[in-house]
């Protein structure tokens, strides 16, 4: 019983982590950017969906789509207003651009977060769920919503996989992550690739945010922790390695669930962090890191 | 060389500024003083961070790890045994210096984002520890410290100002001294520095220790000013962001700029308080604007202006 | 002031204008208005009612000519729910804005950080919403230094006792329940709350099977609910304030078959139904007041006025903040001065019927000195439940306007039959 | 007093990186007051030797002795303190410090307590500055100085520590003729001070005036050692650098249809890297179907020229494709327009399979056409077919080079730019690639612009040859005349 509970709950939460982290690592792998406004974008998407579905009466489906749309817009804004400007800036020396992008995206994230708190206050909000009710799996009464979340996460990840491995645009993205110059020399416009990646990223983050909003609920406070968890998962899995982050997401997800069930909900986050620290010391590249 | 340091504009300008600042209590309200007191401590945080980033070229996302260690160690010691405050502060400093060494270990092995990450994780760890060890640290509740250095606005203000001035002088002096030169060389290109016979590891480690020393000291002093320590004040990542933004805003690799930036941030935040929730938004917006448009930071802008004329 | 504006961008500018204009204006006439500082969590559900309610009270008093001809002026500060910000705000209030008293915060952590400053800066300070017993304990420990702090809301332990009283009548006698699990957030105010729960629940015949404390930043309550369900209690006795939406929504979405009963501060707020998409249906919570419940003759007029002015129903600390302004005004009137020590003396003699009952402070020497007296004829508290979008009072029977009913997925009385 | 004991003695030095052996059993010694030239083409392992001496790389076997002290495996800074100095090719001065402070750095003790500046140092720094010719610019910031002065700072820093042994990495790269002689003088002075000097460079010629002895390396091993003259006469060396007797297949320029407006015209091209001018008034042209080779040593500017053509670099002057100016077009659009580069760095997608890499190249072709094309290329490079399912990263250097060329050919280029295709490859592999190019020329009328420092490889294919030196075209003509007129420089 307990075993199944842990198995099922861990699976759902991990799927959510995985989706969140995938976009984050994709962006890093292809554009080399660690986007610290990640959490804020997720929250923005969720809150947008909440407002659209509830306050403006668009209903759950349109609301969710609206939320994802907001995610994409914000992600593109992040690229055009901040990342691109910094990458092209001549005033900043190359080796310093990293810290500048990190600082700038952090500030940008705070702005988004504050804007949300200002417009919608910072109480937790839960997005109108698309599916309700519960089903019983292996004797575990599970919210349909939870299963729905896991499914959508995996659909999204699967879609990403197809995009990257089966479409030409996707291949270009993959190639760009390995060797941008090579891509240019083959007549593919890097700038186009980057825009595509940021759009895809926005969609992933948006979906993750909206699902989180339906499953657990979000508040503007969640932005920081969300970025942090994506960050740690991605590093655990190895920066830039999508499969790595998927594995890492499940390791972290189950570690947390196990701790919450077997030890105490209060210590939930700690084992994962310890593991992360250990990895940082023993194998800084992360589990599947290539760089 | 000393003569040159004294001649350099940033130094005598800041000397004048300090002189003026020290007279503020005579004609400024206690509230503004209280505000500046905090700002000055943040100034030290930012300067200590800039020593690591600007000179050792180590991007430390966990300044609050060092600050928090100092602050909480001092605070907890006081709330448990009430020894003389000076002892608590010493203990705080010791703790954060140890933390600095711990932080340095990975820094000397891993590069780039990985190190930045380790530091971030360090903060999360500390934060979780504080929450979990609630009975010791006050957890989410925050720790109320029985003693304060003084409840007199002016005294507190002068302590903070003096502390910032001294730290600034030392850090700036270091950055301009021969060791500072070596540190920069090590940060910029370890191979070349080693080829000149410098033990890069040794110098970077030293930088971490110095940075930790001042972070911890400032943290401990601030606890005994506020009379309370909470995760939200000393450890939370957003605090670290404020420290970093302060340094970048003021002009990285300048030490003094860091202090200016930090004070500016706090002052802005307060000046905009009437806007309520929007104040943070606007402060971040301004900071972002500076980062995007004047990467040199406030000092950079001034320099630019001077060279332009 | 800004806070109430915060919710309304449009008039924000106006409000800012006012609060800025306030400062110089004050200096002008003599002896000048009575200034009361309000430090609150503008962005939080509960906190946002505090400045609004205080302002409402001030307006009413001023409309009747103020206190001995002196107008009352509210100066508000948003503390972003942070102790440090609050300390700075407190300093500003006293040294910059020269307030005569401070009403502050529903967060115990914040109040505990401010309490020593009230003593240091010798300024009367009353909290409308914090519950931790430490607040009054500190006063008892060092009266001379801490006497400036007053606890304008129930202490955790008294709240716990009120919950037990209600549980006795409704759950044990009513639904024949025998077992309970206590679920509370890890925060300053719940430590004494849990202690009292542990003490009084068995007394009324509820056997406490387990006691779960979780970190206030918990987002996923699945493990917690599953654990509780595994232990098959008849009821979950809650102690939550910082969290609210998430446990409630997940309680519903996971269809936890056990009723939630106890303290759930966020549930007192009228927007809670919308925030939870109605998941709060059936949540039963302790309160000092509720919509449509005439605890005292003053209650309903206040709620109406508040709703008229701010468009929503006040949170629990709205009521107390409103009363606190009157209490301070009354004390200043009786003291005939705003001198802090005189004010403290006068406050201690307070006997005022407010919106939540009859307010009297416990005297020096009591372990809860400066805390509220509770019980028949003073403050009894209420027990309400969300029922299809409305907060309906169940207890005490004298004020009840409905009876407990839980959503279909909740199985009650299983233990009984 | 052991005058005969060598200052620096390297014996049996070997270093492997994963699979490949970078250096095998290298040994030499340098006396005080002697200059040894360590030469070899790219990938010959000479820089690995240098790093091993400096302690940047830890040698697998062999010993490195400084004044008889075994230092193999020591950390860099200890070796440096023992008296080994290094003049880096790429100068990275402290940008916010003055030239004086940069030199002072070299004089500082490795103490944490060195907080107070020592005036004596400043005097010494000034002396050194005057000696290397920086006296006039002491208080300027490096960013305001010409390239040559930045190199001077490096020399100043190196001699500031008064080292017994000085390693000099490609002293003349990117310098003008006049600057070159000035630097030669500085290095000669080091010798006269009784230091042991090791100069690392690509070929004998450029350093022949300076060195007492030469040690030539090729693919990680010693191929010759002795006086400049001896080494230049050495058969192996001549073969490595010049190849044997040439039989060239050159076609007269007049034989090409587009004689009046050549397919590609480069006119008065000049490119700067910050201070350093990489290209100066370079003018070349390539006809439809022509095979043009640009011969030049490393740092001569070949890659820069190609990158300018491919639109990867800003430039002054004109580049025209069939009369159309290319300025302002994005690199990608230039590639799409049929000017395709097979870059020196290969730039393969290392985690993709060989086939996927090719498909990336043929991305814009029809399914069927793409299949045909890859068949054609598999036939051209049979080894790639065998490796089709392997990821590019796992291929050997030679196979990677072939894949790079094949990937470029997948784009059906009008003009194929080959940048250093033989870089660090073993002779056998070069042979294979050479054959492939031969067949390519036979079957298609492809136009090729080849950049090489390996004359052996370049000449047999070329219709015309340009010689690029210090960013200038110094010779143009028929490959058959090459050996006689400019061959010597390429030893």
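A, B, C and D are the chain letters, set down in written order, and residue numbers restart from 1 in every chain.
Here, a residue touches a chain if its C-beta (ideal position, glycine included) is under 8 Å from a C-beta of that chain, and two chains touch if they have at least 3 such contacts.
What you are looking at is a predicted structure, and each value in this text was computed from that prediction instead of being measured.
Participant: With contacts counted as defined, which of the two, A-D or B-C, has more C-beta pairs across the interface?
Facilitator: The greater number of contacts lies at B-C.
Participant: Find the chain most remote from subunit C, comparing centres computed as mean CA coordinates.
Facilitator: Most distant chain from subunit C: D.
Participant: I'd like the Å distance between the centres of subunit C and subunit D, where a centre is the mean of that chain's Cα atoms.
Facilitator: About 76 Å separates the centre of subunit C from that of subunit D.
Participant: Using mean C-alpha positions as chain centres, tell me how far subunit A is from subunit D in Å, no decimals.
Facilitator: Each chain's C-alpha centroid was found; their separation is 44 Å.
Participant: Suppose each chain is reduced to the average of its Cα coordinates; what separation in Å results between subunit A and subunit C?
Facilitator: 37
Participant: For subunit A, what residues touch not just one other chain but two or more?
Facilitator: Correct list: 117-118, 266.
Participant: Return the residues of subunit B touching two or more other chains; collapse runs of consecutive numbers into ranges.
Facilitator: Touching at least two other chains: 131, 277-278, 280.
Participant: According to the definition already given, which pairs of chains are in contact?
Facilitator: Per the contact definition above, the touching pairs are A-B, A-C, A-D, B-C, B-D.
Participant: Along subunit A, where are the residues that touch subunit B in the complex?
Facilitator: 28, 34, 82, 85-86, 89, 91-92, 95-96, 98-100, 102-104, 106-108, 110-111, 114-115, 117-118, 224, 228, 231-232, 235, 239, 266-267, 269-270, 273-274, 276-277, 280-281, 284-285
Participant: Within their complex, state which residues of subunit C touch subunit A.
Facilitator: So the residues of subunit C in touch with subunit A come to 6-7, 9, 43-45, 48, 186, 212-215, 217-220, 222-224, 226-227, 230, 243-246, 249-250, 253-255, 266, 271, 274-277, 279.
Participant: Under the touch definition given earlier, write down the residues of subunit B that touch subunit A in their complex.
Facilitator: On the subunit B side, the touching residues are 53, 57, 59, 61, 105-106, 109-110, 112-114, 116-118, 120-122, 124-125, 128, 131-132, 236-238, 241, 244-245, 248, 252, 277-278, 280-281, 284-285, 287-288, 291-292, 295-296.
Participant: Using the touch rule from the top, collect the residues of subunit D that touch subunit B in their complex.
Facilitator: For this pair, the touching residues of subunit D are 54-56, 75-77, 80-81, 85-86, 88, 92, 94, 96-97, 101, 104-106, 108-118, 122, 157, 161.
Participant: For subunit C, which residues are in contact with subunit B within the complex?
Facilitator: Residue positions touching the partner: 2-3, 5-6, 12, 16, 19-20, 42-43, 77-78, 80-84, 87-88, 91-92, 95-97, 108-109, 112-113, 115-117, 120-121, 186-188, 215-217.
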